[in-house]
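Two complexes, one shared chain (chain A), two partners (chain B, chain C).
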Partner chain A sequence: MRNYVIRRILQMIPLFLGVAIVTFAVLSLVGDPFAQMAINPRIRPEDIQRLKHAWGFDLPWYLRFFKWFWSMITGNWGVSIFAGGKPVVEIVARAISYTLRFSIASLIFAFVIAVPIGIYSALHQYTLFDYVFTFFAFFGMSMPTFWFGFILMMIFGLRLNWLPIGGVMTPGMESAPFFARMLDQVKYMVLPVIVLSLFGMGSWMRYARSSMLEVIRQDYVRTARAKGLPERTVIFKHALRNALIPIVTLLGLTLPGIISGATITETVFSIPGMGRLTVDAMLSNDYPVAMVCLLLESTLLIVGNLIADLLYAVVDPRIRYS
Partner chain B sequence: MEKSEVLLEVKDLKTYFYTDDGVVKAVDGMSYTIHKGEVLGLVGESGCGKSVSAMSILGLIDVPGKIVGGEIIFKGENLVGKTPEQLRKIRGAEISMIFQEPMSALNPVFTIGDQIMEAILIHQDVSEEEAKNKTIELLGLVGIPEPERRFNQYPHELSGGMRQRVMIAMAMSCNPDLLISDEATTALDVTIQAQILELMKDLQKRTGMAVLFITHDLALVAEMANSVYVAYTGKIVESGDVVSIFRRPRHPYTYGLLSSIPNLVSEKTKTPLPAIEGMVPNPYHMPLGCHFNPRCPFATERCRKEMPELAEIENNHFVRCFHPVLVNESEVVS
Partner chain C sequence: MAIDITTSEETLTGRIETYWSIVGKRLRKHKLAMLSLVVLILVIAICIVGPFISPYKFSELGSIEEVLQPPSLRHWLGTDELGRDVLTRLFYGGRVSLLVGFSSVFSALIVGIIIGAYAGYYGGVLDTILMRFTDIMFSIPVLPLLIVLASVIPGAGVWKIVLVIAIFGWMTDARIVRGMFLSLRENEYVEAAKAVGVSNSRIIWRHILPNSLAPIIVSATLGVGGNIIYEAALSYLGFGVMPPTPSWGNMLQNAQYAMAIAPWLVWSPGLAMFITVLAFNYLGDGLRDAMDPRLYR
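Our next item is the complex of A and B:
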């Protein structure tokens, strides 16, 4: 098991390098971020040349890549080309702190509500309960998030005036006492978390339902009943443990999503999170920021897959890695 | 064999399945009696209702299935109409069952020790420690080597034969009065099959429990059973003690089944193996009259109109047929 993990981690290194090269190359295809400045009469051509030289755009892309890559692995992640030359680490850390609170809250919310409902639906297949929540699940999955976000903003923000329609906190609350500050930020979280979790809920519910439906038809469930176990034990011990195997592994695969953020929802609710940061950095060709965002997300994808595989071995004794 | 006290009497049992496409009469008026310490063979092709009748005894018929008629008298009490809780207490304790697929009948995520212990703990007033010791003892009893080590193993670490031994240990854990074996050896290799049969026979002799031995394989019945019931489309078509059924089969279906077993004579003379023509009828469209008539070489006009009753043709030998076959005893080799 330990050897397996070490081997998997070693395998990540060439993969990471490959991803970095391809990403950098693709970002370089766009051209340099200073080209547009040439049409601005107030910027002198020699200033543009100086900027290009300073950022390495007078070099071929692969030399620029090596320079960037070397400084990155030695711990210097550079500064943003725009955004007043702020350190990339600071920009990304700030965006992650916003994204995390929304993504974790909505994941927990969706998971804790949807999985029990899905399992209950499976145990009461084709009843009114099942139909209602199946409808709800498809509703959640097929609803465009931007549209649903606007509807919620209209009802709860503008009509009823209960909740703020966007942003992450009320201006001026930074220096408020801790609990008042928390409460204020929670209010800003309600609507986006509803939008994000409704989507997640639909799919978790369907996963849980189909997984449980498959398990309760298994022979070992019949064996458990034939043993004379109470129905409670049959369902919650014998069936549930097996039904959760695929669900737990899926949790590992949602890891990159927790960091990468939801661009559309973040845009609708004006949340300065990772989704927006990544898209904005790519559009303005701010490659130091874009590279860190993209590499962070792909690293989490790789790590998430490893975690999913390891979780699989934890919950299913048939899986052993050597 | 001396007939002792009646243990289980299935009387005119009817278990129907109400599907969207119509009613399937999986068990349609089946009756059989098992005495204490007896091994009863219930034989038939797939779909003849043998497994459904076993599941009915255990009260494990799920929707859309339902017991719509008849009685299941076990130790003098009718199991039909008992509450699920009452049936649950009987299941695994007084009546236990082993199934066809040892590969999928054990839960993959729990150790075999845990799964056997569970049955003991639920039905007996013992401590965990005692249940564990009993489990290890049972594993030894069913011929599993190194029971202490096996106790902590998962089903996937055991072979098919070993898993079926675990299933038997589980079934034996509460000293049942009746063991239902539903095609328990069908999925196993012949050599393993022989070992498992030997084990079941041995345990049956030692404990004196009764066995309802369900199979499609007549050769196994000859090996195991005292009396034989042959089922076809949810009804018993012939019953009797093992000798009379095998020596003097009277129903054309039983006769057909017996003649389609390969034997040394047909092997030598290279005569083609006789087979029963046709297929088991579609459960939604049962033929009129005797259900076997479309496949029966002796069917007459009457067979196509009327369903014959089960009639005693010789001492304790019953046949549901208007034209029972008369066979020369030497004709059928078993």
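Our next item is the complex of A and C:
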């Protein structure tokens, strides 16, 4: 087991390097981020030179890559070119704090609703319940997220006027008492969280259903029934525990999304989260911020995959590590 | 005499059930998949025929009185902020969205099949290199890079979007095909083909590939729906198909700002897209059930 973990972690290093190279290459296509500055008469040429030097733009591309890569892994992330020269750490941390509250809420919401329904569907295969929720799962997986967002906004925001249609809090609420401020922010979370959980709910439901269907066909479940155990014990002790194995490991794969955010939903509801920050930074040529965002997101993807694999190996004794 | 022989052969071939005839039979029993197939054929037919019947053109600007008109007898689905007929744009948009969906899946499939086939068939160093490359592409945050590529590559054509989606869409296919090749290359018929001196490329394309089509077809069917949504998302963010060419996605782009006064602009393109994608998902699911080798016979 220990060797397996070590080997998997070592395998991450070349993968990480490869991802960094591809990211670097694509972002280089956007061009020189300092070219626009040269037109601005209020920025002195010396300053541009200094910035170019700091970011390695006076070096050949391969040296620039290593310089950049080194400063990334040593945590020396620098300051934003725009946004008043704020440190990148600060900008990213702020965006993550917004993204986290939406993504964690929607993950819990989707998981808690979808998994029991999926399990129940599997136990009552081909009943009305199963058909209704199978349709619901397909509904969730086929729905374009932003369009679903529009519809919720039109119904609950514009027509019924129950909930705000965008943003993260009412202006002026920053100084309100703690409880009122919380309540205000929760209102802003309802619609985005529903939109964010819809797709996840659909796929979790399908996944839980097929996982449970697989398990209840196994011999040990038949044996448990044959020896006269009550149905409840068979389902909860024998079947459910094994059906949950693949579901729990799938949680590892959702890790990257929790932090890197959802660009589309964040755009629909004007949430200043990571997804939006990444795209905005790339489009406005804010080189330092864009690079940190991209590398952070790919790191999370790699780590998420690793966690999923390791969890699988830990919870499923049938998997051998050699 | 000769006639007797042919008839007996015909009755013989009539009885033989091939894998594909069984799949067809099982698919026909899957009611939702068949319904989806009918819906998809209808949607495609309407999008192709619609523009010929419609009295309007997709880029024809209306007079000032015709701006943002709600649905009426003149304009069945209303008009948009430039006075253009929404129904007509929905037909053209459907053509564009379906074209992007099909051709991006097709292009990604070609890349995925080539990479997966060579990696799985030859194994060894080639497999390691190709699969590590696939891993790298898998670990890249797709949407931001899609957006950068879409904004960097010059041109505003539909084909640019197809290309951009395909660049980041082949990895799953490559992994599926590789998996199929890894197991199929151990079969006796491959060994037999090698023994009689069939070339490697002929074995790959003529012997193994036709036998690994089932999971590829399922993944492609689901992929068309997925890529229609991808195009729509890119268009919504402003990097997809460029106006005045309509697509279901970019018709929704401006709808968000007009939703308070013109909700019909939101309903029709989204509903068309949702129904189409839902049908692709159901059809893909039906195909997966029909082709499942564990349920075979």
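Simple rule for what comes next: the second predicted complex is superposed on the first by the 293 of 322 C-alpha atoms of A that agree within 3 Å, B and C clash if a C-alpha of one lies under 4 Å from a C-alpha of the other, contacts with A are read in each partner's own complex, and residues count from 1 in each chain.
The working rule: contacts are C-beta pairs under 8 Å (C-beta built on N, C-alpha and C of every residue); 3 or more make two chains touch, one makes a residue touch a chain.
Keep in mind the model is a prediction, meaning the values are calculated, not measured.
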Which superposed partner A:15 touches (first chain B, second chain C, both, neither): second
Touching partner for A:294 - first (chain B), second (chain C), both, neither: second
Partner chain in contact with A:26 - chain B first, chain C second, else both or neither: second
Touching partner for A:222 - first (chain B), second (chain C), both, neither: first
Chain B versus chain C as contact partner of A:184, first or second or both or neither: neither
Which of chain B and chain C A:309 touches, first, second, both or neither: neither
Which partner reaches more residues of chain A (counting touched residues only), chain B or chain C: C
Chain B versus chain C as contact partner of A:241, first or second or both or neither: first
Touched partner set for A:214, first chain B, second chain C, both or neither: neither
Residues of chain A at both interfaces, chain B in one complex, chain C in the other: none
Footprint of chain A on chain C - complex, ascending: 132-133, 135-141, 143-145, 147-149, 151-152, 225, 229, 232-233, 236-237, 252, 255-256, 259-260, 263, 266, 269-270, 273-274, 277-278, 280-282, 285
Chain A-touching residues of chain B, taken from the complex the two chains share: 58, 60, 84, 88-93, 96-97, 99, 101, 104-110, 118-119, 122-123, 154, 156, 167, 170
For the chain A and chain B complex, residues of the former touching the latter: 218-220, 222-231, 233, 238, 241-242, 245, 315-318
Of chain A, residues touching chain C in the complex: 14-15, 18-19, 22-23, 26-27, 29-30, 138-139, 141-147, 150-151, 153-154, 158, 260, 263-264, 267-268, 275, 278-279, 282-283, 290, 293-294, 297-298, 301-302, 305
